[in-house]
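Following are the structures in question.
Shared between the two complexes below is chain A, which has chain B as its partner in the first and chain C in the second.
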Partner chain A sequence: MAKDVKPTRKNLMAIEDRIELSERGHDTLEQKRDGLIMEFMDILDQAQDVRSDLSSDYETAQRKIDMARAMEGDVAVRGAAAALKEHPEITTQSKNIMGVVVPQIESSKVKKSLDERGYGLLGSSARIDEAADAYEELLETIILAAEVETAMKKMLTEIETTKRRVNALEFTLLPNLYENQEYIEQKLEEQEREEIFRMKKIKAKKEEAEKEEEEQAAADAAAETEVEAAD
Partner chain B sequence: MSQEIAVIGSPDFTTGFRLAGVRKFRNVPDDEKDAALDDAVEETLSDEEVGIIVMHDDDLDHLSRGTRESVEGSIEPVLVTLGAEGAGSGGLRDQIKRAIGIDLMEED
Partner chain C sequence: MSAAGSSNPEYVVARVRARRGSLYGDEEYRKLVRMSPPEIARFMEESTYEAEINALGSRHGGVDLIEYALNANLADQFEAILDWSEGRVYDLVVRYLRKFDAWNVKTVIRGIYTDADTEDVEVDLIRAGSFDDRRIQRLLEADSIEAVVEILEDTIYGEPLEAAYADFQEADVLVPLENAVDRAFYDHLLGSLGGDEPTRQYERFLKAEVDFRNARNALRLARSGADLDPADYFIEGGELFDRATLSRLAANLDELVTYIADSTYGDDLGDALRELEEADSLIAFEHATDAALLTYGDRLGTIHPVSVTPIISYILAKEREVENIRAIARGKEAGLGSDEIESELVIQ
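Coming up: the complex of A and B.
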């Protein structure tokens, strides 16, 4: 980690730039994660409502078909089920929630009138019609649940990804960068102290040499004066 | 492209949906679920014309781990389960716990 980087000013500047970028990215991702969670909370409320509708619609539909089976017999119900001609269809469009593409499902031919069902008015009974009605209603709720639950799944995947990115920046990348920055700063300070110490040593040596030279020159000059005086 | 709804489960479970016009269905009798449900789900998952798969929540227990994970995590087609005690299918609830950190679907 820290020992892999060369302690140079250029590297320090590069690391400082990366720290700035990572901190900015971290803040942005945190905001995105919080925003996604808030959007998710809205969808969750909707999903819980749809889920409770789904449970009650399923219970009603089951009760109705059990009644139809009891009154008309299983064969008659299956016969009516096999005679259906119109089939429910769904088309999916998409909308964007904070960068997450979620589906909007539209359905057609879910609710059908008696003559569209195909098993004929004479060939069935009111019990079977009621069961078919209940199941058509259940299908509408299922389509709504599918839309909401797909949106939830997609948003959860995005929240997980964003959370992983935020954590990676917060607990791995940024600490490493800070460690590298500190290491380089310490090394550079150490180099600076060494440099100052060396300069001081050189200066002292230089001054000593100059002093010696001056003393030598003074001694030479004194000796010359003595010789001249002797002459 | 328009898609359809598919129902997988016991004949009793699928009949009602057929009454509502669903034509893509896979009947798997209760005693064959352990052996045949996996294949039925895999085939329906790979059908591009299917947009929504409807199953009973209890039937998910008959699936192998891999198939269960792929059907619960699938977005297209998306799985909607019926008859669950709590809100949402098990997979979704687990995913919420993992992503948010708490069980938001816990019953009060």
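Coming up: the complex of A and C.
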């Protein structure tokens, strides 16, 4: 990776800018991840409670309907259930938790009073009422569980994505940038050292040439003096 | 098989006594609670339920087979009693068995309301009431609730259904129609009984049934907290409540429980009322009223041996047998323990 980068000062400055941006992004994403995890832990607690409620409500409802079927007969229970055509309704809205859009489910017509269940009061029994009550309770818990568990799933997905981004910055992008920065810095230093060395060499050569010139000039001057003396 | 002609309690009682002997007793129930549903079906096949189990065996299985066989047998037995009965006996018996007519009317109405298949509705009918096969067939063929009201116009359900039909159309819920059907049954249960001592005893039993029904409904209303007028659900004819008392008491559960505990039924229902206060469930109360009615019914059968009372006593005992066997089979299906199932049975 580092070898693909041209070791120029301009690139070094660009990499330094990217490192600064990535470090800032990394810190922000880390904060986001921690925030999401905290929110997730709250939702998880809620989800665990709802799950446990769901499980106990289901057991209660199943038991009540089993007892109603046993004591009143399956035909009577089915008959009471068939006396109602209207279904419960749900409406979904959304809310934002740290940038994650989670659903908010509102239910209506789940809990019904005795006169809204369709079957007549005079010819039915408390067992059927209790089974209906228990199933209404269960349905409300299911709707709440759907809301909480969907929020939990969405939060989990977001945490995973954020974690991957943080890890990518921490373990791939930033190390590469640091490596490139180091490579360029080393290259630039090397170039600088080479430059100094070259300058020194040139200077030395120049000085040697000057010295030779001076020596030549001195030799020439001495020869001239000798000739003049011979004349 | 009609209200016409002279009363024939001797003949009907003799036939009923023969059948009473084949009802399951403690010993059979003890065996049944230890059996699995297929074993229960097999056990039934070797007793009075043989014909029904064999006839329905190819169409149903498991606990459904047991339940349908029980209902079919109940219908056959009660239809036979109505066939044997004449005159006053028929009139007295049919007024109690009309509850199956009410059941069938409600089942047909529910079927039409939810667009159920005719076959599905038909298997849920219990042909133990006063409606003949032709009327039941016409009800099954009805394609609208209006048609059902029309078919029933010459019965006790005609007028009440017609009156409730407007409410049904307005609200599109079956409650007004179902209540009208049940109310018609109860209104004709006690109307113009009069007569001799056995009939008065029968009347006392029916009054107890009405009282218990009123008490159950008042407790259900009181516990539900629904904004409903208890007077709308009051059934005339009982001795325990009048309309105003029921309206006043249904607003306060504690007062209602105290009122019932202080009544003539206090001894029979005392334990159940205490349980109701503690356990916040009406099941024990309903259980206790069932047991009390069965005791009354049994008592009826022994005081005047040649009257309508042994017939009614048999009808109650047969109904209870059907309910007990169904409870055992469904309880087994749901995985309930033998002790738990036994506690739900009402055995005299």
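Just so it is clear, the second predicted complex is superposed on the first by the 215 of 231 C-alpha atoms of A that agree within 3 Å, B and C clash if a C-alpha of one lies under 4 Å from a C-alpha of the other, contacts with A are read in each partner's own complex, and residues count from 1 in each chain.
In the analysis below, a contact is a pair of C-beta atoms (placed from the backbone, for glycine too) under 8 Å apart; a residue touches a chain by one contact, two chains touch by 3 or more.
Source: prediction; values computed, not measured.
**Q** On the A-aligned overlay, A:150 touches which partner chain: chain B = first, chain C = second, or both, or neither?
**A** first
**Q** Between chain B (first) and chain C (second), which, if any, makes contact with A:78: first, second, both or neither?
**A** So A:78 meets both chain B and chain C here.
**Q** Considering only touches as defined above, state whether A:88 meets chain B (first), chain C (second), both or neither.
**A** first
**Q** Once chain A of both complexes is superposed, is A:37 in touch with chain B (first), chain C (second), both, or neither?
**A** Only chain B is touched by A:37; chain C is not.
**Q** Does chain A have more residues touched by chain B or by chain C?
**A** After superposing on chain A, more of chain A is contacted by B.
**Q** With both complexes superposed on chain A, which partner does A:67 reach: first (chain B), second (chain C), both or neither?
**A** The answer is second: A:67 touches chain C but not chain B.
**Q** Output check: A:130 vs chain B and chain C. Expected answer is one of first, second, both, neither. What do you get?
**A** second
**Q** Check the residue A:105 against both partner chains and state whether it touches chain B (first), chain C (second), both, or neither.
**A** Touch partner of A:105: chain B, not chain C.
**Q** Just chain B (first), just chain C (second), both, or neither: which does A:54 touch?
**A** A:54: touches chain B, not chain C.
**Q** On chain A, what residues does chain B touch that chain C touches as well?
**A** 62, 78, 82, 84, 86, 117
**Q** Please output the residues of chain A touching chain C within their complex, sorted ascending.
**A** Against chain C, chain A makes touches at 62-63, 66-67, 69-71, 73-75, 78-79, 82-86, 113-123, 125-127, 129-130.
**Q** In the complex formed with chain B, which residues of chain A make contact?
**A** Where chain A meets chain B, its residues are 37, 40, 44, 47-48, 51-52, 54-55, 58, 61-62, 65, 77-78, 80-82, 84, 86-92, 105, 108-110, 112, 117, 128, 131-132, 134-136, 138-139, 142-143, 145-146, 149-150, 152-154, 156-157, 159-160, 163.
**Q** Under the definition above, what is the set of chain B residues touching chain A in their complex?
**A** 1-5, 15-23, 51-52, 54, 73, 75-76, 78, 80, 82-84, 87-89, 92, 95-96, 98-100, 104-105
**Q** Could you list, by residue number, the parts of chain C that touch chain A in their complex?
**A** Against chain A, chain C makes touches at 63-64, 67, 71, 102-103, 106-107, 110-111, 113-114, 116, 124, 126, 172-175, 177-179, 181-183, 185-186, 213, 216-217, 219-221, 224, 226-228, 233, 235, 281-283, 285-286, 323, 326-327, 329-331, 333-334, 336, 341, 344.
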